[in-house]
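Some structures to go through are shown next.
In the two complexes that follow, chain A is the common piece, with chain B as its partner first and chain C second.
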Partner chain A sequence: MTQWSGYLGLILQGALVTIELTLMGSVLALIMAFLAGMGRVSRFFALRWLATVYIEFFRGTSIFVQLFFAYFVLPLIGLELTPLQAGVLALGLNVGAYAAEVVRGAIQSVGREQYEACIALNLGRWQGMRHVILPQALLIMLPTFGNNAIELLKATSVVSLISLADLTFQAQVVRSQTGNTLVPFTTILIIYFALALIISWGVRSLERRMARGLDGVRV
Partner chain B sequence: MSTPIIKVDAISKSFGSFKVLDGLSMQVMPGEKLALIGPSGSGKTTILRILMTLEKIDGGHIQIDGEQLYHMERNGQLLPADERHLTKMRQKIGMVFQLFNLFPHKCVMDNVTLAPMLTKGTPRAAAEKRAMELLDMVGMADKAKSMPAQLSGGQKQRVAIARALALSPKIMLFDEVTSALDPELVEEVLNVMRKLAAETDMTMLLVTHEMGFAHDFADRVLFFDRGRIVEEGKPDEIFRHPKQERTQGFLKKIIAAGHRV
Partner chain C sequence: MDWDWNFVWEIMPTLIQGVKITILATLLGSVLAAIVGLGIALARRSPNKALSRTVGFLAEFIRGTPLLVQLYFIFYVLPDFGILLPPLVAGVIGLGLHYGTYTAEVYRAGIDNVPRGQWEAAKACNLSATQTWTNIIIPQAIPPMIPALANYFIAMFKETPLLSAITVLELMNQAKSVANTYYRYIEPITLVGAFFLVISLFSVVLLRWLEHRYGKIER
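On to the complex of A and B.
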């Protein structure tokens, strides 16, 4: 009989690393999404161009290669990253590129009449964006942001390849030490699924809270 | 006689190959109430949108309150206006839209106070006090905390009027403000505008299909057709004794459609 409790502890440690990666990666992804997404609708050509290059590059190359590049190639030009830093960087930039298109789409889906009201009320471009357009666009972004966050959570498993001790890495450790595949991988399957559920539940309740009033039900 | 507050000089504007405004000129005196009528596509809404800087012009000049709207003078030369100049000029003009264009994520009060607080730096307390006065004037004071989605069309439009007034513009533009309303809600909005006309000396330009209201409200009526002003005059002249054939034809159609003049 294998001593499962010790191995379970190992897997839970891995879960903490996965959660940490997901949270930090999401923060970076969110920042990149807004920078690049708003860059895409900027009136300055250089900003639009920069945002487009970033988005196309990071959507168009594999997260696996991006991670290896961050961890193994950047040191060659003197940029030494810890596995965690490399993981957050690759995940954040990769998912941020997808989410940037969500930001752009949401900004553009806010009705023309809202932009015209901003002009008629003499709001500056940034004032209108900040107080009128973005608050409405945010609600449109949220469901897709939820998808992106779940994608990011699942993509964290690639960091096991640069020997960061996340869920997947720990499951492999347990497998090699016990010879049992069923238990560790079923366990992490359930944990990944539970984490994804928490994300979609969180996003949905956030969405409900923000939508209050827009449909006339706020009291 | 004082000088015109709006001076439109030979404005042209095309959407693609469709010429909406064709060398349009007009002048409006301070405090004047103007009704712009005419068939759809005649350019009456476009000239309002141009005055609000929502459309660019292809040619011509506009002066608002003695200053060029789309141009600025630099060393004796007329240059295209930059954003800063437009911002300065927009302070003189307010607009109310056919579809209200309220901010759906902000309550009635915040809809009205947002622009004064952001563009004029009015402190919140002062902005809210002024907003309450305006909401009271349009009969919406008791709905200050409501969200736009909870209001009827007529109520939304009255809030939109208060919102535009909060910036104290010299000129107010009303673009078919009752066209999107259920018939029984039209009167409450028109009442607010009558009150506004009686109580303020604002210059008001009104694009409308409510001929009865245009007749009572306006000092002068302009009949638009195909991007030009075909006929203008006192409401009685235009509605009772139109001289131009096109004006007569238009009014006949409107009456046939059941509108009262």
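On to the complex of A and C.
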């Protein structure tokens, strides 16, 4: 009879690493999304161009390839990264590129009259963005950000391939030590699904909170 | 470490072999995803509550868990039940099932977007259920789906490097084996990235054309 409790501890340790990666990756992705998304609608050609190159590059190459690039190629040009740093960097930059398009779409979907009202009230470009456009755009972005966060959670499984001890990695360890495949893989599938449910529940309740007081402002 | 063109030419034939498998996996996976998605979409519309709920939950579960873990599941767990699959077949089934849950949503949206009036008109003209589907609904539902489906097939293409984790000798795996043999990572991994980037840039153009050709879609 296998001692499952010890192995369960191992898998829970992996779950902590997965959660840590998801959180840190999400923070980086959020920062990149706003930088690149606002860059895409900037007045300056250079900024627009830079943001477009970033977005197309990271959406165009696979997350897996980016991770391997960060972990195996960057050290050769003198940038040594731990597996965790490489993982957060690749995940954050990759998902950030997808989320940047969400930011751009949401900003552009705010009605023209809102922009005109900003001008009429003599708000500066940044003031208008900060107080009028973004509060409305944020609500449009949120559901898609939730989906992006779930995509990020799923993508974290790839870091097991650069020897970071996340859920998937620990399941492989348990598999090689016990010779049992069904139990570890089923367990981590359920844990991943539970984490995804938590994210979508969290985003939904955040959405309800932020929509408070906005009834009737937007349809 | 410097970029070595001679080395690039030396490894090119190996990488091209990988490219072939990558493309083959994408094509087969796309066909399977298109079929599985249709199956899921139809099952979810079924009047049988038990069937539609079960399929709905399963699709949600597959969409909420990482493709990598699903691939491991198919490749390592199914043999315990006597189903021994070659790596490429396991990979194609994994891709097809995973993306089938996404294409199901495209089918659902496409069918729901056919106006109610069309259904009512079909009934008023005394068409049978089969006639309604084949002559009225499907011809109107398919064109708007095409760009969205293509989008997922491109996304699937970018996930094929994951198949290297279950020992499919696709592009990423060939690159890794080359890198491990000669202990040079910079050229193989960069070439893989460049390959995916080039294909993605072409596919962006193709998508724009599809969107232009088959009308507007939600983005």
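FYI, the second predicted complex is superposed on the first by the 215 of 219 C-alpha atoms of A that agree within 3 Å, B and C clash if a C-alpha of one lies under 4 Å from a C-alpha of the other, contacts with A are read in each partner's own complex, and residues count from 1 in each chain.
Please note the rule applied: contacts are C-beta pairs under 8 Å (C-beta built on N, C-alpha and C of every residue); 3 or more make two chains touch, one makes a residue touch a chain.
Everything numeric here is computed off the predicted structure, so don't read it as measured data.
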### Query
Clash or fit: chain B and chain C on chain A?
fit
### Query
So, does A:116 touch the first partner chain B, the second partner chain C, both, or neither?
first
### chain B versus chain C as contact partner of A:176, first or second or both or neither
neither
### Task
Based on the superposed arrangement, let me know which partner A:157 touches: chain B (first), chain C (second), both, or neither?
second
### Query
Touching A:124, do we find chain B (first), chain C (second), both, or neither?
first
### Query
After lining up the shared chain so the two structures overlap, which partner does A:132 touch, if you call chain B first and chain C second: first, second, both or neither?
first
### Query
Does chain B (first) or chain C (second) touch A:59, or do both, or does neither?
second
### Task
Go through the superposed model and pick first if A:69 touches only chain B, second if only chain C, both, or neither.
second
### Message
In the superposed model, which partner reaches more residues of chain A, chain B or chain C?
### Response
C
### Task
Considering only C-alpha atoms, give the closest distance between chain B and chain C in the superposition, rounded to the nearest Å.
23
### Message
Going by the contact rule set out above, which residues of chain B touch chain A in the complex?
### Response
52-54, 83, 87, 90-91, 93-95, 97, 99, 101-105, 107, 114-115, 118-119, 147, 149-150, 163-164, 167
### Summary
In the complex, the residues of chain A that touch chain B are 113-114, 116-117, 119-125, 127, 131-132, 135-136, 139, 213-216, 218
### Message
Quick check on the complex: what are the chain A residues that touch chain C?
### Response
56-57, 59-66, 68-69, 72-73, 76-77, 105, 150, 153-158, 160-161, 168, 171-172, 175, 181-182, 185-186, 188-189, 192-193, 196-197
### Query
In their shared complex, at which residues does chain C touch chain A?
1, 61, 64-70, 72-73, 76-77, 79-80, 158-162, 165, 172, 176, 179, 185-186, 189-190, 192-193, 196-197, 200-201, 204, 219
